[in-house]
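Each of the two complexes below includes chain A, the first together with chain B, the second together with chain C.
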Partner chain A sequence: MMEQTRAGRKRGALGTAVLYVIVVIALIWALLPIVWMVLSSLKTQAGMFSMPPKFLFKPTFDTYRQMFSASGGFGHYLWNSVVASVLSTAISLVLGTLGGFALARGHFKRGKDLSFWVISTRMAPIPAVMLPLYLMFSKLGLIGTMTGLVFAYTTFNLPFALWIMMTFFKDIPPALEEAGMVDGCSKFQAFWKITLPMAAPGLVATGILCLMFAWNDYSFASVFTSTATQTVPVAASLLVSQEGVQWGQAMATGTIIILPMLIAGIFVRKYLVRGLSMGAVK
Partner chain B sequence: MLAPSVVILAIISIVPLFYMIYASLMNYTLNPDQPVFYQLHNWLSVLRDATYWHSWGRTVVFVVVGLAVELLLGTGLALAIYHIPKGRNLVATLWMLPLFVAPIVTGLLGRFLLNTTYGMYAWLLQCIGMNTDILGTTSTAMPAIILMDVWEWTPLITIIVLAGLQAMPEEPLEAADVDGASYWMKLRYVILPLVKRAIVVALLIRSMDILRYVDTILITTQGGPADSTKTVGYYLVQVAFQFQDFGRAAAIGLTMLVVTIFLGKSFIRIFARGEE
Partner chain C sequence: MKKRALKAASVGALGTVMVLAGCGTANTNGAGGSNADNSSGSAKTVAARQVAAPFPGAVPGLPKITAPAGFNWKQFAGTHLTFISENTPPSSALAENIKQFEKVTGITVTIEQSDLSTVAQKVALDFAAKSDKYQVIYPDPYQMLAKYSYDYVDLNRFNNDPTLPHIPGGLNDFITSQLQVDGYMGNKDHLYALPYDCPTMILFYRKDIFDNPKYKAMFKKEEGFDWTPGPNLTWQQYYTIEKWINQKVKQGVIKGVKYGAGAQAKQYDSLMCDFSNVLAAYGGDYFKAPNLGSIGTTNPGPSLMNSSKAIAAATMYKKIVQAAAPGSTSWDWNGLAEAFAAGDIAMAPEWHEFASMMENPAKSKVVGKVGFAVLPRGPVRSANIFGGTGIGISKYATPKEQKAAWLFIVWATSPQAQYMILKSKNGGETPTRYSVYNLPEIKKGMTPGTKESKEMPNLLAMKATLEAWKPQNVYMRPKIPQWPQVDSIVFTELSKMLANQETPAQAMKNIAQQSNQLTGN
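== the complex of A and B ==
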């Protein structure tokens, strides 16, 4: 409320109108491609390509129906994507929460080096991470397996979860756990019954962001999967790299990739700045 | 409690790192699968490779131009959203939606919208007399790739700076009002210094991420036309997975890591300052 009065102070109707025009133009630029993709996925093959663009038409779900039919095989890719992202998220959350708590509470001699190591693991360029993993996986026979893919996703989700959970735990005063321990809790019980429930919203947000990073990945999956373990983003890329680009299916696949993430993203909006700035902005 | 994560983290980061250092010293292909010690041959050939340096040059252009545009637009829009009297939350939520779009889908959309025969953006450009095949022309492919990055990631700068603006203390602005400062003076001397840390954080995160992803280039131009969009990340993918010269690719990868580590160090410094 304070901000509202401060922002509104000393500015005429003209200034406000200009601001709204800028904001509307920005929103059109941001949303038009997404809207256009969803609309295109609901058009017939012929309707998709007609220019000037049509925004009003009779929608058809034929493309989706065809993709999910027995011969389309799309359900299988969807299952792979779900399994890979859920598993890597689960592993990262469990280990990241424990590690993050220890890092937030413990006094490690080289705590700073440790946290730097965590952040650099998360920030390393994907091609530079892919390469040694690929060589090691080929030796171990993990190329094309779900295990390999889950492992690959954990390379970026675990450091992320560990780091972000550490920042959440740092916000919770240790005095609460100490009080619990005075009342007879063990150190782990104090963490499990007192601190973890307080960090629950942060945990949910972290989990959703981990899911998103894995779900949205293309690079790792393009190298580490085979036909049997292909994920949705890889399927999308194959639709446009084969001869005769299948734009209808590509747009429908794109829609399926982004819709769950748009919904999840709005859901964790409050924690988004924090998650995406690696906890540096709260 | 830290032990299991540290062990796993070591397996997923230190082991691959040492493996990459090892690979960079070997003549390493999968066929035959018997790497031979190669001394510093890979390193020397990378450092003498003109394509490598050119790909760094393009990466610098990509990063500098991309980040500059994102910073200006992102901060400008954060200020605009901050100052609108109503609907701030709704606008911020809608504006950040591209952040959730998988980079591969951004690339797909770019290709679809810029397709010369049925792309909507290509059609709009044709209406104003521009008939070039944007992604197929050397002079326009890189700007298009940069714009895709701008589309997807400018909202990140906006929400970080907006969070900084909303956390601003009242007093300095009130004092400036009492002194009769104009809006531009307030922006220059009060607002921007107060959100400086948020801006630096946003820039560091973005510069690490812009080096991190190659998805859009993989799906749109594949480094072309005529190498005009071949960034160092894409070059690494090409040397490794197309030419299968893993030793040389490992040397390229290690040089990229050095840059990331430098950026990460700066981030930790800024982060620690905020913790105090």
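== the complex of A and C ==
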């Protein structure tokens, strides 16, 4: 009996060890390119290509300094990225939340078809909507403006936010709002004070996903922006030219693109996981 | 009566003097290149008295930018132009010096730069929307000119307008073959763009390897021919040299490089360009119609890719790439240039303007070690693919913007501006004007070790490039509206061939079949 337990323990320990090895390999697989990119951004051009690669070296912030200098102009791209992604996310969240609530609680004729139509607008690939959007924006004088870019992102983010928020609201029992209304809340107060706080994880998850789409987008940004409104991903594409690839700046740009999303992800991961798994199990 | 006759004679004499003075000015300004403007209406150009434009720092010996006497350079002040261009050295150099143009004209210019496919996409969308967001365009002949030629303004209209400045030095000052490919589509009735940049593929090689007397003698003894790159080298010999260097590197005999050759054989446009050099050297081409590579046509005729010449070229190309550095199938021109600059490769076909990168100590380990030659010959000739582009004006710009854009084009493509671009610290770019190459200073710069070559390192590749531009050596891919799709077919099938999924004959057959389907032949 003792021997069986010992064997069982051995098997358990072996299983755990194998699991750890798999996790470590997966971590290396996922993190090595990112770590490599961050380290390279802190090296000189010569250091970046030294063989064998060095993991211990004296870091230099010269690339970042150059990028954020007046001649580098990277701050301008960063600002454009922040404005476009935050504004489009905010608009999508506000409208998506209200619309999602209406679709979840309202009684419409062909309500299901309506909600499907909303999400179906997201099914078209970006290149397919590019021409009609360009024609419209061109007539409205929005090409090359920040407003145009925010509209373009909202066009894609809003159906997504609306659909996701609708499913979250559907998971919250209407009885809670009704109880609030019995206690004297108006319909909007019930939504604002009871339902919305309960949908906070969903709101955070939707917000992060909308933000990520806008922050990382290249397709819309490359077409709808001009020199004054170009965003970080567009700036990254300019680092590859006929004169070669500016590897230092490319690594630093990659680091800057990843960093805000990484920080946001760490802070809201609790909500993100709850949000994404809400409604998964009934 | 006598007084009246005297007055009339005086006026006549004055008029004659003025006309002669005007002719004299025009001739002086044309110095260095071919002066005559062959376009219709050139007579008017000569007739109007020309006055030098108030641009600072005119280079003696180059045609000046001039305008008819009394021309108000500020008449379009306040107009804003957006020039959309690929992110290339000349556009960066223009952006650096744009204040010069803005100060003289009062026109403001934004130079928007992106990668070529984004530029092509934006231009296509802008034309589809009939929008004037981009008034000045960088129309790549194959992606943006052939397909959308009707969306550009005919520049002859402005060049023949006696009230506007004309092309300094005339159209004949542009490299002839480049003017044809960059400027026209289908016929020469309309001029859609003026040549602006001129990258051309030539052979880059390591002088420290090829000039090494020990290696040279050893190679000649073992292989029986002189390996010096030049007009007599053949692709078959190139392949022999490539294999020989690989073998000697493995044996530790040759040091300083890792591989004999490199290629830009990534499944991308670069693969088509790289292969086209061999294809044309073997006497092959993509389609049957004449003048495909110069004036271009909307119907290229049947594909010629099923020919024995194309199959022989593909067979040779496959051998070359398979013996090349292992990274070759994942490199485009940038990847190849970086590997060459890192000192890994002894020779490679590459765009000539990468010469400045090779001479930049911050980016290259082979400074002072790179030689340039025309590409090897096939059974028919040496073929060096040209990849330059011009500048044109959108038809959808307002009449005022179009005229303002014309002033910008006159300035940006002038010999004076081309000289400025060549000298730019931003990497420079070689000019599209004969007159600039005629300057003694520029000729000196083509010799390694001179002060001028250090100041303008792209000139180091120019002796070979000027040779490559000769009609018998240059190769221009087909300028047809369907080219972007044909390009995609070509590099996809070639990529399968390099991965041994298809034989060269199968790959060529597939290209021919798909191309014919696409063009309706």
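Throughout what follows, the second predicted complex is superposed on the first by the 253 of 282 C-alpha atoms of A that agree within 3 Å, B and C clash if a C-alpha of one lies under 4 Å from a C-alpha of the other, contacts with A are read in each partner's own complex, and residues count from 1 in each chain.
By our rule, contacts are C-beta pairs under 8 Å (C-beta built on N, C-alpha and C of every residue); 3 or more make two chains touch, one makes a residue touch a chain.
If you're wondering where the values come from, they're calculated on a predicted model, not measured in any experiment.
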{"item": "Simultaneous placement of chain C and chain B on chain A, clash or fit", "value": "clash"}
{"item": "Partner chain in contact with A:Ser138 - chain B first, chain C second, else both or neither", "value": "both"}
{"item": "Touched partner set for A:Val150, first chain B, second chain C, both or neither", "value": "neither"}
{"item": "Greater chain A contact set [chain C / chain B]", "value": "B"}
{"item": "Touched partner set for A:Ala190, first chain B, second chain C, both or neither", "value": "neither"}
{"item": "First (chain B), second (chain C), both or neither touched by A:Gln45", "value": "second"}
{"item": "Contacts of A:Ser226 with chain B and chain C, given as first, second, both or neither", "value": "second"}
{"item": "Touched partner set for A:Ser237, first chain B, second chain C, both or neither", "value": "both"}
{"item": "Touched partner set for A:Ile172, first chain B, second chain C, both or neither", "value": "neither"}
{"item": "Colliding stretch - chain B into chain C, listed as 39-47, 93-101, 237-245 or 255-263", "value": "237-245"}
{"item": "Where chain A meets both chain C and chain B, residue numbers", "value": "49, 130-131, 134-135, 138, 222-223, 237, 240"}
{"item": "Complex interface listing, chain C residues touching chain A", "value": "82, 86-89, 110-115, 118, 121-122, 125-126, 128-129, 131, 133, 199, 333-334, 337-338, 341-342, 351, 353-354, 356-357, 362-363, 427"}
{"item": "In the complex, chain A residues that touch chain B", "value": "2-4, 6-11, 16, 19-20, 22-23, 26-27, 29-31, 33-34, 36-37, 40, 48-53, 95-96, 98-99, 101-103, 106, 108, 112, 114-121, 123-136, 138, 151, 154-155, 158-159, 162, 170, 188, 191, 212, 215-219, 222-223, 233, 236-237, 240, 247, 250-251, 254, 257-258, 261-262, 264-266, 269, 272-273, 276-282"}
{"item": "Chain C contact footprint on chain A (complex, rising order)", "value": "45, 49, 130-131, 134-135, 138-139, 143-144, 222-223, 226-228, 234, 237-238, 240-245"}
{"item": "Of all residues in chain B, those that touch chain A in their complex", "value": "1-2, 4-6, 8-9, 12-13, 15-17, 19-20, 23, 28, 30, 33, 76-77, 80-85, 91, 93-105, 108-109, 111-113, 117-118, 120, 123, 151, 155-156, 159-160, 163-164, 166-167, 170, 173, 177, 198, 201-202, 205, 208-209, 211-215, 218-219, 233-234, 236-237, 240-241, 246, 249-250, 253-254, 256-257, 260-261, 263-265, 267-268, 270-272, 274-275"}
